[in-house]
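Each of the next two complexes has subunit A plus one more chain, namely subunit B in the first and subunit C in the second.
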Partner chain A sequence: MKKALGLTLGVMTAIGGFVDIGNIVTSGITGARYGMTLAWAVVLGTIAMAVFGEMAGRVAAVAHRPVYHVVRERLGVRASMLNASSSVVLNVLTVAAEIGGTALVLQLATGVPYLLWVPLVAAAAWLVVWRMPFQRMERVLGLLGLSMLVFVVALFWLPTDWAALWDQTIHPAIPAEQAAPTWWFYAISLIGACLVPYQVIFFSSGGREEHWSIKDLREMRLNTFLGFPFGGLLSLALMAVAVPVLRPLGIQVNHVGQAALPVAVAFGGIGLAIALFSFLVATFAAAAESTLSTGYAVAQYFGWSWGKARPPVGAARFQFVCLATVVAAAGTVLTTIDPITITIVSVVLGAAAIPLTYFPVLVVANDRRYLGEHVNGVVTNTLGTVLLVVMVVVALVTVPLLLLTRAGQ
Partner chain B sequence: MTDWAHHRFTANDLLLDRQLVDSRGMMAGRIDDLELSDPEPDPAGGGSAARAPVLTALLCGPIAYGPRLGGRLGTWWAATGRRLRGDGDGYPCRIPLSLVARVDRMQVRLTSPRELLPSYRLRAWVADKVIAPLPGSGR
Partner chain C sequence: MVPGALAVALLTGCAGPTLDAGSYRQAALHTTIDLASAVATAELATRLELTGRSLAPVTSEVVSAAEDDGSSIAESFTSRQPPDEDSRALFSQLDDVVTAATDALTALRMALGLGNQAGVRQALDELQRARAALVGWQERLQ
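Here is the complex of A and B:
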């Protein structure tokens, strides 16, 4: 019974923890603008996240070390430096986007300008990183994040044309009135939002924080193969609710508030409150998790002690990196650059860096010296390789599309 | 005496970039370079053709790391390390082989707690000056 509860909790946290500001913004924008014609990008991103998440989790459980810890031994000092430093840059951008997103939600809820909320949100995220025990952090924030299910409920409540949604989903085509490069740009941003680098760093380091071993492989697989896809479904629900509400009115999403609007239309003030609460939890949790991931990446590269299991003074440089990340991210938001722009840039640059982040996972998951009999099988390798080839194509076209469409204008 | 898990291996295989773990299982950095020296140094200071140098220490820290990174960044990294050393000594942090308990595929295990290692200074500085003064740091 207790075991079953633990498994359920794990899956539920994985669902609640999947969506962050990147998913909220990109799903909202694309749903309002393109209907479900880009749903395939979320599906692709979620499959890739599940496949690579499982590899990373397996390395953590079998070799007893997070995957990026192995990367330096496997790929050498310079290639892994490139990997670690790109993770750091992207993570800082992600943390900035999440802090900005949380602050925007608080502005909507209170009317107090978001810039005033930024220092408070940053301080709160840092406190979670600094003192909150790992499992409590993951469970509390993950379970509260399930409040996002209100979007699924709203979808059933609203006059949703299910046949049309399904038709757009399985027959993706660029809507006639829209430009092709922008459509592709948003496809990439959706893939990037599902595959942000911090998630795989966080997932595999978290496995070590929770002392996974071979006997936890089943639980880990449930998290990746059930939790992540259901998280992806939440992302699709965010996209789908925009179709019956925002799309007919031609409303473009350029603020997190508009992404919550469909729920307000369905359930009024209460619905809006729940939707905003779910955004608040999702972005705040991601702010803390991506901050931790920066600390994990740097500390593991240099072989410093890391993690929340010991008091901060026992992992001083790890905590120092986390603190510096929060400060740099808050500073980025305080420059008054629009948090939504930061979000788009972070997910798109993240998409460009996907091969850099995920190739080492594939390499390590094939290393018999670390994994013994638990190395990738033929199916996983085929799937992983195909996905990686797709990601390389994505990475190559990302920056040209970013410039060509002026970030999806 | 160091316990070696393998009889024959390359530096890349078991030493370079490997995780150093102290006697209590705490992370203590990574190996960046190796020190080889004459097992029976000639008092006169000259080398000897008869004796091959043997492994005497594992080197770590920024001064050892910089040259491996290479380029301008590597030079700068090592220079910063020398500046932080403060004692004018440009030699990397040494972990003499006598402190190494075991070398295997997964880690390099040391016989002493990391607080006693020469590579501990920067860590100790960050812990004492930056982290410890903050509330709830655990000290």
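Here is the complex of A and C:
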């Protein structure tokens, strides 16, 4: 039982990272529009996240410091400034998207306009960040997030054509009626949604919050190699349930509510309630996670004391950054910009900034001064380098595709 | 810089200018696809509700969102200037289908709000006809 609970950091990172509002939207859109032909993008993003998450976790466990603390020291103040500032901008956008997403789910469940929920959701996210102990937060949100398994079960309950799903998955061709640039746009959106920068910051800083050391490397690896693929599985399930229900009807997913309808087809009102609850947990967990990640990134860059283990007065600047992030994000949503638009912009900009986040991780994970005998091996380096090249290509084509396809229209 | 440029691109990318008959036809095709999606969403949510497989607030929200989407799609369609007589004729024919679909979405939302079962079923029938017409147009325009 204790070992299972030890996996909750990976599960929470996966629930709040992979299956946040960005993935709920992009998986729903792509499943309804392209079937499983873009499943490879989720698989690729998941592998990349697991490989780089393991490196970041290893740095945290061996060097006893979160990865971006080491990055600043290793790459210097100026070079790491680019990394830290891009992370902060993206995180604030992500927090806005998640708060907006949580508020949209509450609107769906209650009929009360989402803008009225925004201040309450923001306050609740900040309270969790400020007051709730780290381990309790990860366990409660991680375990509640397991409710998202309803999408996996629904897939077995629905009249799913498994042969067709599998065929689309292993033969990823652009459907004849769809434009190639838009298909590629959603491919990079899915990769971006899997590799959102805050995940790696949260995971490595969470490792320090839990005082990981070399003896915890096994637990850390279980978290990365079970937790992240679990998130990838949920992401694929969200995509797959749209195929037998929404795709035959020509439904294109524009709203969170549409993404939950397949579960209602499978299990009725109870299933729908569980699906909405799982969306609520996933988006709220992501709001808390990305808020904390902003605080971690800024505090680690400037060398301030940080962490939920410390009383707020002992990490006042860290807590202030978290509060300012929540306020700025809630303010962004309250301008009435559609949260789904914020989500797509944050996911796509995140994709463009992926190398800024992950290249320093690869550098630090190869530095013997920090990791000694635990530096990357040949396999990890080969895999990491290939994945980094893919990330650079993704980053280069992201903005042109965004403009060319008018954000996937 | 980049986020600013993106915001402008996204905001101005809602309904680009129609340059020629080909792109007008393409825009008409997208109108039928998007509107058929909104109609199918409302139909699915309502049928789930009628069979006791949904939650009332969710149905109401999903149908309202579909109605908003439908209105927005119809507005974009009517705001485009047909570039020639053939396009003008296309507009005239398609406009009836678009109006029928958006009217049916509004009727459905109202009937659901009033708890009018007969009105809901009538609106569903109208939506089904509108969707069949939209799908027919998709095949003609593709």
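Everything below uses one rule, namely that the second predicted complex is superposed on the first by the 391 of 409 C-alpha atoms of A that agree within 3 Å, B and C clash if a C-alpha of one lies under 4 Å from a C-alpha of the other, contacts with A are read in each partner's own complex, and residues count from 1 in each chain.
Following the convention adopted for this analysis, a residue touches a chain if its C-beta (ideal position, glycine included) is under 8 Å from a C-beta of that chain, and two chains touch if they have at least 3 such contacts.
Because the structure is predicted, anything quoted here is derived from the model rather than measured.
Applying the stated contact rule after C-alpha superposition, one finds that A:Trp130 touches subunit B and leaves subunit C untouched.
Touch criterion met: A:Ile251 reaches subunit C, while subunit B stays clear of it.
Look at A:Ala273: by the touch rule set out above, it reaches subunit C but stays clear of subunit B. Within the superposed three-chain model, A:Trp157 lies out of touch with both subunit B and subunit C [touch as defined at top].
Of the two partner chains placed around the shared chain by superposition, neither subunit B nor subunit C is touched by A:Phe225. Put simply, subunit C touches subunit A in their complex at residues 2-3, 6-7, 9-10, 13, 16, 30, 33-34, 36-37, 40-41, 43-45, 48, 52-55, 57-58, 60-62, 65, 69, 135, 142.
Listing the residues of subunit A that touch subunit C in their complex gives 89, 107-111, 177, 245, 249-252, 254-255, 257-258, 260-261, 264-265, 268-269, 272-273, 276, 341, 345, 348-349, 352, 399, 402-403, 406-407, 409. Looking at the complex, you find that subunit A touches subunit B at residues 63-65, 69, 72-73, 76-78, 81, 130-131, 299, 302-306, 310-314, 316-317, 319-320, 323, 369.
Per the touch definition, subunit B reaches subunit A in the complex via residues 16-20, 26-30, 32, 65, 68-70, 105-106, 122-123, 126-127, 130-132, 134, 136-139.
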